[in-house]
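Given below, in the form of structure tokens, are the structures.
One chain, chain A, links the two complexes that follow: it is found with chain B in the first and with chain C in the second.
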Partner chain A sequence: MSSVSAVAPLRQESRLRSLADFYWTTIRLAVVEQFQYRAATYMYILGMVAEPVIYLVVWSTIADQSGGSVNGLTAGQFAAYYIVWTLVRTMNIVFTPYGWEWRIREGQLSGQLLRPLHPIHYDIAFFAGGKIPWLLYYLPIAGVLAIIFDPTFDVRPAELAVFAVAIWGAYLIRTFNQTAVGLVTFWTTRVGALFSLYSVLELLLSGRLVPLSLMPGWVQSIAWVLPFRWTFYFPIEALVGNLSDAQLLAGLGMQVLWMLIGIGVFSLVWRHAIRRYTAVGN
Partner chain B sequence: MSDAAVRVDRLVKVFEVPERDEGLRAAARSLVRRRTREVRAVDGISFEIAPGEIVGFLGPNGAGKTTTLKMLSGLLHVSDGDARVLGHVPSKREREFLSRISLVMGNRNQLQWDLPALDSFELNRSIYRIPRDPFLETRDELVELLEVGDLVRKPVRQLSLGERMKVEIVGSLLHRPQVLFLDEPTIGLDVTMQKRIREFVAEYRRRHAATVMLTSHYMADVEALCERVIVIHHGHILFDGVLSGLADTVAAWKTIAVVLENGAGDLSGYGEVIHSDGDVVTLRVAKSETARVTARILAEQDVLDLNVEDPPIEDVIELVFAGEPS
Partner chain C sequence: MTTLRVALLHLRVGAMKDLQYRVNFALQILQSLLTIAVGLIVFQLVFSYTAELNGWTHSELIALLGVQAVMAGVIHSVIQPNMMRLTEDVREGKLDYALTKPVDAQMLVSVREVQLWQAVDIVTGGVLIGIALVQLGGDVGLVDAVAFGAALALGAVLLYCFWLVLATGSFWVIQMWFLPELFEGIFQTGRWPVGIYPDWLRFGITFLVPIAFAVTVPAEVVTSRLDWQTLTFAALFTVAAFVVSRRFWRYGLRSYTGASA
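Up next, the complex of A and B:
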């Protein structure tokens, strides 16, 4: 039998450098894994495109029948809204509470807890990496939708810059929020009902179902003080709306605020939840 | 022993387990009022393991072995008592602690299921912050040692159980852990593969002066690797000492194998006949009676051969597991 030569424990690289290395490695891994399942990816894209196209057809038809616009939104603006919507929806896919439920119930979290790195880093890096192939798939889809629905775009460089930052802000807010919801599994074993409630609220108050500007004033007021708006409507509005520079910055500020709240809630829940882990099944 | 690699002091783990009777009515009632029961999986155990020592941790299913290993590796918080591994409190899960230990479980997969193991190794390199050159050196040596060179390029899901286990072990040791918790590492593997992994564990421990705590239901694993064993049952330690001493403590009997000149005869007058195979008759005799019975057989029978032995370790362990030491 041959032998392992070195006896001393391995020297470790610096913290920051190694964290960057971890993110880069995981992102590459996610890209590789995404490319591995082409058929599943194509089906997923079809499902992903179907939702905004349905909304788009409905609102474009209503706009046409209402003399060209609904509440000031023209068919072209609806087209722009939902084409960007598709991109934002793609970019803020995160590890769901169902995934956390599976990890906790089946003991799959054990492997991650044994690593000297918080599991949240893996989720952030892996799902960020998964977006790279998705972006490649999105571009031709957006092109086809643009040809069919003729969107109205009038984008300033500042709006483009804020959008580029805001979609990642949205991604992080959703990550921390949904992780916190998923961690409730530590107390309830199943998290589906809570996540359903969360999803309904998000659907209505984020601008995912209907542009928030079409909602009654009181709904818009509620949406303003909840996190959902800042994960859908704000990034879309930053690109296709007519927000002033001050409004753009305020939106980014709200994203930072919700990110900090999300990190705080997640950290608090994690600290208590992890004591309840039973590692059953693994 | 203050410099112990593993120190456990009156360690307790209590689980609260929900329970209800069968049927619809009980299920409906549990919606309103949930009934739970406390299970003391580990109940006040204490032991120490010196650096570089390899210890077999034995017990039947549900004895508390895996729960103890999970507490020592930081997966579970302790309910009471104290545990230290390499001076760390495991449940704090400090980076330095987690970088120096590894828990390998025979039924668990830590590798990326859909990708070749090489990709998972690369991920572990970045997680454990291992500089590239030593990583490649360790990886290649482990791959060579376990002879998995042709396996690490296949998607993990396409590997057999034994192949996956070997690859899993490579992934778990890339950061060269100083303390190794092995929970049934040879479970479900064929004899050749079991032997290979045993040899590997012995070699790894020798080369790295690693501390190893091993659970296994295969006594061959324990006999080949462990001088010392800790036997746990119902959360309590029943025995902690050298393997050969287990029989002295647990089994108050010895076996006497006798070959008579005129073939197998009736030796039931000397003790309990537990086996009779051709010319060999095996008796079970109380330890305190062994010398006297041996002398009587030699004096009264035409003996060709006679062997006095401790009972086989499997039988001793079975006695412990059955909770009926004689």
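Up next, the complex of A and C:
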């Protein structure tokens, strides 16, 4: 009898507490794993840094050619934009739709469905944990870029605080959106075509390609009502731009809105999608 | 002669394997068109703020983008798949299968994989170059065409040599999964004239990673700004790169310890 009573409290462990425990363990695991192959990871990050450096060089060249600034942005401001860009890009790394395609097509999802926890918790925790080593990797790169390109920074404490929150908001919004795209694999088995279209839209309308203020007015209007700019342009602008306190708060509000929409769409798709799961591989 | 025949046979079998998967063809066309579209949109943006970039006009940059796409097609269809397979084979100890064949091992490891549909980029790149040529309006003589073909071929060989050096690194370094990402990132620099980059970067993408030779030089032929000295120098550099990379490959091979043997 005594052994039964010893087991009982374990079952009554609160749901919230076990969830927190799960997140903590997964995050620690991710940190350790990302520290494992440092050299290889660094090489990967260096490849990633090429993209903003190219944009930066192109726009600084244009700024220099046209008397110091393009549309009000100086070379120093471009430098600040693209250096912070790199940090935001790092924060924006989430489990890709190709990962979902692999899980579903190869039947890897079967095992995960047996757990008493939705698989997305693992994705959120694991990729959040990976940010810690990646941010550490990123710091020296940002330092070198700052020495080379001489950015103009003028940061208020409020901006810094909003930025620190907004990069995590961006991470969550992007997680839900990309998961929703990935779940389409339940119907199509391949996600490449859809994800390519999605990525191009994001590239153009998020501020990843160029600061959105360089885009034509109608593109900016479209971007305002889509989620992409709130995961990229807004966090960067919060730090390097000159947003008022009201604008900063409005941006965070939009992030909350898109997070709720993301969770809603994701839950809806998931409910319908999971019924179609046939574990193609296993 | 046998070497060449074996190489062609391998490439043909690889192509036939890919021909089975027609949907991938459609996907690749979509992917290629999207990449080009983004490139053109960026140019549109750039030239809404300036009339020329470092002395290059809009049409000339389209030609450059075309050449970059052609090279991307060559790399992704033949060079990169083979080199990545090489790194995997070294890690898993499966290179023995290639080394024990009675043909040149370097040739063999360079022709075992073909991703035919990736070659779609060669076609879209060619179309872009055509459009740029019409816009530029200059007449292209036979000499220019030959020079352009030669510059492209030299560029392809140079990029192959560079990839071989990278992949040979797998004899000492186990984790090589980052190679495509790293290369892809650096390769994107080829979409813009090398002149815009700071000196250290320009030197890097000219001599360390031969992107300037592979992309800018052919584009310079199309936009008639090339002198024969540059092309000759590119040819000499290519020969040197081929010899050095082959030596390095042989040197690396000595460190190979086949786990499956």
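Simple rule for what comes next: the second predicted complex is superposed on the first by the 269 of 282 C-alpha atoms of A that agree within 3 Å, B and C clash if a C-alpha of one lies under 4 Å from a C-alpha of the other, contacts with A are read in each partner's own complex, and residues count from 1 in each chain.
Definition applied: a residue touches a chain if its C-beta (ideal position, glycine included) is under 8 Å from a C-beta of that chain, and two chains touch if they have at least 3 such contacts.
None of these values were measured; they are calculated from a predicted model.
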Once chain A of both complexes is superposed, is A:T278 in touch with chain B (first), chain C (second), both, or neither? first
Between chain B and chain C, whom does A:G111 touch in the aligned arrangement: first, second, both, or neither? first
Should A:M215 be classified as contacting the first partner (chain B), the second (chain C), both, or neither? second
Touching A:V49, do we find chain B (first), chain C (second), both, or neither? second
Could you tell me if A:T26 is touching chain B, chain C, both of them or neither one (first, second, both, neither)? first
Mind working out whether A:L204 is in touch with chain B, chain C, both or neither, as first, second, both or neither? second
Thinking of the overlay built on chain A, is A:R190 touched by chain B (first), by chain C (second), by both, or by neither? second
Answer with first, second, both or neither: which of chain B and chain C does A:S18 touch in the superposed model? first
Scan A:A40 for contacts with chain B and chain C and give back first, second, both or neither. second
Common ground on chain A, meaning residues reached by chain C in one complex and by chain B in the other: 37
Residue ranges of chain B in contact with chain A within the complex: 15, 70, 73-77, 93, 95-103, 105, 107-110, 112, 114-115, 119, 122-123, 125-131, 134-135, 137-138, 141-142, 144-145, 175-176, 178, 199-200, 203-204, 207-209
Looking at the complex, which residues from chain A come into contact with chain C? 37, 39-41, 43-44, 46-51, 53-54, 57-58, 61-62, 65-66, 70-71, 148, 190, 192-193, 196-197, 200, 203-204, 209-210, 214-215
Residues of chain C that touch chain A when the two form their complex: 23, 26-27, 30-31, 34, 37-38, 41-42, 45-46, 49-50, 53-54, 173, 175-179, 181-186, 188-189, 191-192, 196-198, 201
In their shared complex, chain B is touched by residues of chain A numbered 1-7, 9-15, 18, 21-22, 24-26, 29, 32-33, 36-37, 110-111, 113-117, 274-275, 277-279, 282
